[in-house]
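First subunit A sits with subunit B, and in the next complex the same chain sits with subunit C.
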Partner chain A sequence: MLGDATSRNALAPRADDALDEHAAAHLLRRAGFGQPRVDVERACERGLEATVSTLTTLDPPCAAVRELDAVLDTVAAGESDAVAAWWVARMLRSEQPLREKLALFWHGHFATSDAKVQDARLMATQLRTFLDLGAGPFHALLHAMTRDAAMLLWLDGELNRKDHPNENYAREVFELFTLGIGNYDEQDIREAARALTGFRRAGGRTEFVRAMHDDGTKTVLGHRGALAADDVVTLCAKHPATARRLATRLLQMFAHPSPPNAVIDAACAVYADAGLDPLALLRVVLRSEWFHSPAVVRARIASPVEFVVGHLRSIGARADASACVRTMRDMGQWLLRPPTVKGWDGEDAWLNAATFVARADCARRIALGDDAGLVRGTPKLAAEVPGDVPTIVEVIAMRVLGAPLPRAVGEAVVATVAAIGGDSKAAALGAILALPEASVV
Partner chain B sequence: MTTRRTFLKSCAAAVPALAWSRFAIAGSGGGAPRCLVVVRLGGGNDGLNTVAPIEDDVYRRLRPSLALTKAESLPLSRHGLALHPRLKGLAEHYDAGRLAVVTNVGYPRPDRSHFRSMDIWHTASLEPERARIGVHGATLATLGRETSASGIPGVALLDTEMPLGLVHPDVPVPLLASLEQVRLDEAKLVPLLELDRDTPAASPLARAVGAAHAATRLARRLEHVDLAATANAFPATALGKRLATLFTLLRSGLDLRIAYVAHDGFDTHTRQKDNHAALLLELGDALAAFQTALVKDGLDRDVVTLTFSEFGRRVEENGSKGTDHGAAAPLFVLGSAVTGGVFGEAPNLTDLEDGDVRYETDFRQVYATLLERWFGVDSRPVLGGSFAPLPFLPAIV
Partner chain C sequence: MLFVAAFVRPVVLALASATGESIPIAAALPQDAPLRAEWNDAAGALDAWLASPTWSTIERSSAYAERMKRKDMRDLRGGIAIVAGLLKAPAQQAFAQALGREVAAAALPRDGTDEPAVILATRAASPALAETLAQAIETLAAFTPGDAAAQEDDDGDGVRSTNGREFHAVVGDAVLVANDRALLVESIARLRGAQSGAPRAPGLHMHANVVALRTAGLWKPAPTSYDNAVGALLAYGIGNALEHAEALDLELAHGQRSLRLRVVATPFSVDDAAAWFFPSRAQSVPIALPQDTIANLALTRDYPRFYSMRNELLDADLKGSIVEFDSIMGILFGGRSFGDEVLPAFGDNATLIVGPQDYADLGTPPGVQYPGFTLVLQRSEDGKDLLKARDLLTAFQTTLGVVNADRGQKGLESMLQNSERVDGIDVVSARFLLDEDETGAPDVRFNAEPALAVTPTHVFVSSARSHLLALLAAQRTATSAQPVAEPHSQVRVEFPALVSLLGANEEALVANRMVEHAEDAETARAAIQLFLDLLRGLDALDVAIDPAQEGVSLTAELRTLGAL
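Entry: the complex of A and B
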């Protein structure tokens, strides 16, 4: 393809393979959660290519599946928070956090809420699909979502029957899950809804009932025939607009909220060539010169999940995952209960007076402890840091933020530590985590 | 290059916005600045069962299980229109001349996506992806930061996300689920969070610093507000509690200019009848209590309330005893300064657009009315065009 080589240059690999502390921390924060000290050191030793290769090579998720089965045996229908806590616990301790981060991406993409589903076991089953298929080609994931029991409830797939079509799922597949607005028309939605008829739940599983399916002729995206669900899935998954839309969204999650067009073009080409495999795209992005340029470092607002899990991992704290789920909810991200099928808007929308207070309150609880027991014991970091207050502030800032504080801010933190009193390491950690700098990732 | 934002700024500078708004305040007869309360009926409220064309045969024929009967509904003064029976609270304010019902509000080439249509309403633009600035945020920016002495000209009272309608880079406003939420656990952090940074205005760090500042401003402002005092005059519903919180803020002297409240759940694709009735009951009772409380405390001439939804619903009911996404629909404007009555015709159900009600009044005319006749500012720079105001508010002379 003409112009292909040029466009891919926008994601050309970084010339220098060496990683310093700042670059390693940036890579770890984006490919996972936070910047644990030991991981930063290992990345600096091994260099960019080897680190990206390790970060993007994931074991099969079979252990997660068994673990979740055990959780499901103990979860009641109304307890989606328990499932969310199980997930947060995995994020906190995972050695392959990219799997969890991709699952978080897909949870925001196929945003399904237990507010309507009202069955934690179905939400868990959907989450398992994200963990299972989220790091693989998109076609299989879309195929699974089209049959997913929570999704059938969430977007009225069960009510979509021959002679009584319900367009809810079909519309969101086109508008949000695949092509995006401007690439289809109302007729496509109506006909696709007919093709998607025939699914219903049987226990926690989904079955296809031929008698409920409309097997007449439909035309979807210019293709005519007795189309069924798999045809709609394939037509949508292979449409060029889908590759572009998903590549853009992946760039937004992992790199920059508004990537330049040349980068989107390059990402789209890589992603489409790899059969919409997100790991293939991320391998190229995370190694690129662009990803390591100043424009991309700290260019995102940390989501509440990234804020809580990231900081807890960075400081080596042992945390109560249920308390984490509640504090994320107070910051505006209630896992397994996104506000709408569009998911969370993210970036600027994360921050306002109330959610910022929630972040500052969370910072205080992480550092100084609280009745709800968010953190158990003393974080590793607080135990390790030596010296007088200015040194403590400097070291903690570097470990938590991956960058030094501006001088005036550093001095204000020192003054705040004195005002709060008590254990100065804990006060310094609380003050630094409450800074606006700690909400940027 | 002139961006929308610099354009807005230059217009705000050219039109003496502050002078206009002072004029408007003087016109209200009181000293308090005027406030607009926006109530979102998210999900697509079924306009045809909110203000029902009860004498229309087509309505009854296309809605065999959902049509309201003449006997149960609350008649309006003309057009064969009647309010849903559960809007009794609003009907009383209608009878007292405080409720304007604007019918068939919409826009050309209606979009039936929740998100896009909501964005269109929120940006007052038919191409919302090009203007990621909210119409209410732009209104606040036009009024100027100094419009609110407290530094909090706007607030969103809801528990999900900041609505696009309130978004403007120059006027960050807080989003609150409850007032408890903005009490800092560690008050000694306040001076640290009030620090400025030397960083480009559009950077994520600048936005985080802006949020920190908004948080400390609000925390300082609310230190002495009594939260429980008014709650019992309002229904104990989610919307009732939100409006009680808003009333507490207004009564405490917080000079809000725009408050945005959400009452979502109107996406009634299935079994609509009881769900919709419950939603309207909550709406009518909460709005009525809010208006009554404003009247009682003498704040009623300084507050108007607007309801809106991203679209109405299809005329013909679907196979699940619900209705699918539609187009034009009625909306309400409530307040003692409002000229009550019905503005617009009954929906014409024999001339539909893809099965939906055609719009008669452009939604931007409603915004133009509020900008020109409530806030006393030129509506054109905010709306990006000229839209004729409607007579539900008297012209400022």
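Entry: the complex of A and C
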């Protein structure tokens, strides 16, 4: 099935290379955060092919990101929330947000929480790994995660000793990080756990202690020998189920929460052929007819990170990244503290009575300002939007949502803004950000 | 209008006393007003501030330049320019002429409306300038909503109005503005009938009639329970004293190198429930502080009584935490009752001292340096039987054992426990261990090196062993052993020491600012430098609460190293 021509047609390139504002905004929201006006205009000028190529070609970071990179060690000397804020600051300022978005994907995939790790430096090191290796082949990332000090603490790798194997990490590697349930058995987990023995933390890094490693013969996924961690990593990364599982998850993050089987098949083929390189897969997906079809546009519920960072980028606001982290936490996504090893459930689970109120409150704070100083200074949007209330509502809707409001909704927003009085731009922005339409990407 | 003013002026000038003293402008205010305020020699304060190194530092900064570009600041400057233009003088001079000598204001309730009646009186630099100020008021009032038909000129009682909403008058060199005509008429009469004399000392003076404010529903009751013990220890009695107060007086005065605030609530009275907050204060030898101390906080309270009332003083939802705390203390102190057998072992005074740590043992200081915090408790003579030094030292070791067991269960590093004798005093402590081949600055955990020492007179509990040792050394070399009255509540912040600590964390502050203010490195560094430069101009801050027969007072004094 893999590599089959019919399957690949499910991700056939879009025939029309031209991008209008709506399509450009959709592309930018998915490959990054929000839809900054300057990026939308540039994408419309350059067309689909060139824009996808730019989005998926990750050059060295821009100056603003390099400045932030230079202070990560200093930030990490404090609390993990400060590291999370550093990451949000990168998301807000990066000119290539796909790197950050992939790191967010891997943070949800290899979900590690500082609630147990309790060491900001280790969390920062893991985050750095996601940023550095997250856009490359999966094998290298899994190899790094297997030696990651935060992961070692999180899944009890240090307790995995030659004479007393701890299966926690091995189980999650099979179940969550690679193959998925149904593609291995308990014997594979027990044997893999033996192969993964020998690691322990040494300060902020991990070291391999041969004396603690079980160098006996094991059988994992049908392969027999004196297997070690690298062997388990390679076996898992190369297993066909891993490609399918990861391709599906990438589609869910970047395209649609329930992609059709044909699309999964096609994505799996592309991903496997590319050596599990996410950028190779995204180049195909983002250019595909399917990705630009009405079924995919606005099909996902924005995670709190996407909601906050996306809207702030869209309106050109400077923001207090620490306040952003707290706001995201209130909305159900506490960065560097995912609830379980499975990460966040996402999609429908993002919205409940409490988190929806938190989103509305966040909308108000972005639009009207607040004591906590979420937004610093005046957003660019405020200076750019002209006209009377209906025009203000129309323009802000396009800037923030990338699409016009349904007529009835638009009229309701205009009436609300008129009723509120005062600063029409701020009122319109607040009203639009609080709409359900603003919580989908 | 000018004609009328010209007619009134000689009459008013005649009111000036024959001795050459003028009538204090505050004489115009109703003495029974629930709220009264006077600000004398504001021009002197402004001149001193604008000539100070602190203002110079702010004015030169890029952050100030950036702030001045903001719309709200542009609007403010525009408004000031308009007023200055109306007063026909540069802004600073206009302020000095209009408000810089004596300003007084009062607010009192009005029947039939929630909006209070307000009167403001100011002494201009001369009768001519008073008239100019009045004309400026009329020009500005013309732009505010109101009834133009209600405009009135002085028809003999001195009252003028532009729109029937504001009423003003010129009385010699005084200008009076009110939102209530009758109040203005009464105030003019008071001023005209007042005896001449000297105004109160330069500075701000405020008086609140608490009884009247309470009656008018403008007094917010103090909380009767708190959501944390520290909040209750700091504020419960003050809130209770304010509930019983009849008057509140505030004075704010600036000197050459100081700014002093004093608030007094009279008379001093509290409920029985707050008696623990104001115990009778004994005399004791003060704790000697190391030279580089950053801050200290001393509180004298009846702690056992506070603890016995914990369920009433703390919010009901804390009951679970209180029970948990009780049981943990029971474990740590070998089954003793914390309230009945542990707390009575200590005196009423507790002092928290904050100072820098010495990282010599660590080699490289941590990336972020925290100060050490040491709590010093007196050992009461009676209490030494209740709780011996051995009990305290072993309780500390037990605590560390529990912490280590918990961390070990979570796979986290444990702390190495240590016991030593320093000049005959037992010191127990614990520290994290650096990895042998660890490179770079240690992480934030290495700021924690909890320690405890028991001397014959005191117990020292610290977050940092080096800080505790510095305190013990200071006691040994203390020059004065004279007992003094224990302070009720006292805080001191030493800014040079604080700046030194912040300077050691400058890179962390810059990084934090880059993240929190979305600034580039250069802008963030400039902002932090400005912050540090401003702190470098400060010497110390002292805050004290002092209950006395005539009233309970809070005094805060900020001292600077250069002219303020």
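Note that in this section the second predicted complex is superposed on the first by the 420 of 441 C-alpha atoms of A that agree within 3 Å, B and C clash if a C-alpha of one lies under 4 Å from a C-alpha of the other, contacts with A are read in each partner's own complex, and residues count from 1 in each chain.
Rule of thumb we're sticking to: a contact is a pair of C-beta atoms (placed from the backbone, for glycine too) under 8 Å apart; a residue touches a chain by one contact, two chains touch by 3 or more.
Just so we're clear, the structure is a prediction, and the values are computed from it rather than from any experiment.
Look at A:Pro436: by the touch rule set out above, it reaches subunit B but stays clear of subunit C. Applying the stated contact rule after C-alpha superposition, one finds that A:Arg376 touches subunit C and leaves subunit B untouched. In the superposition on chain A, A:Ser53 contacts neither subunit B nor subunit C. In the superposed pair of complexes, A:Asp156 makes contact with subunit B and with subunit C alike.
Look at A:Ala85: by the touch rule set out above, it reaches subunit C but stays clear of subunit B. Between subunit B and subunit C, more residues of subunit A are touched by B. In the superposition on chain A, A:Asp73 makes contact with subunit C only, not with subunit B. Looking at the shared chain after the overlay, A:Glu167 reaches subunit B, while subunit C stays out of its contact range.
Taken together, the two structures place residues 156, 159 of subunit A in contact with subunit B in one case and with subunit C in the other.
Within the complex formed with subunit C, the subunit A residues making contact are 64, 67-68, 70-71, 73-79, 82, 85-86, 88-89, 92-93, 116, 118-121, 153, 156, 158-159, 202-204, 318-323, 376, 378. Of all the residues in subunit C, the ones that touch subunit A in their complex are 71, 366-368, 410-412, 434-435, 437-438, 440-441, 443-445, 507-508, 510-512, 514-518, 520-521.
Subunit B contributes residues 112-116, 156, 160-162, 167, 172-177, 181-186, 188-189, 191-193, 195, 197-198, 204-205, 207-212, 214-215, 217-219, 269-270, 318-320, 324, 354 to its touches with subunit A in the complex. Put simply, subunit A touches subunit B in their complex at residues 156, 159, 161, 163-164, 166-168, 171, 175-176, 181, 186, 257, 298-301, 330, 332, 339-340, 342, 344-345, 347-349, 351-358, 360-361, 364-365, 368, 406, 408-409, 412-413, 415-416, 419-420, 430-431, 434-437, 439-440.
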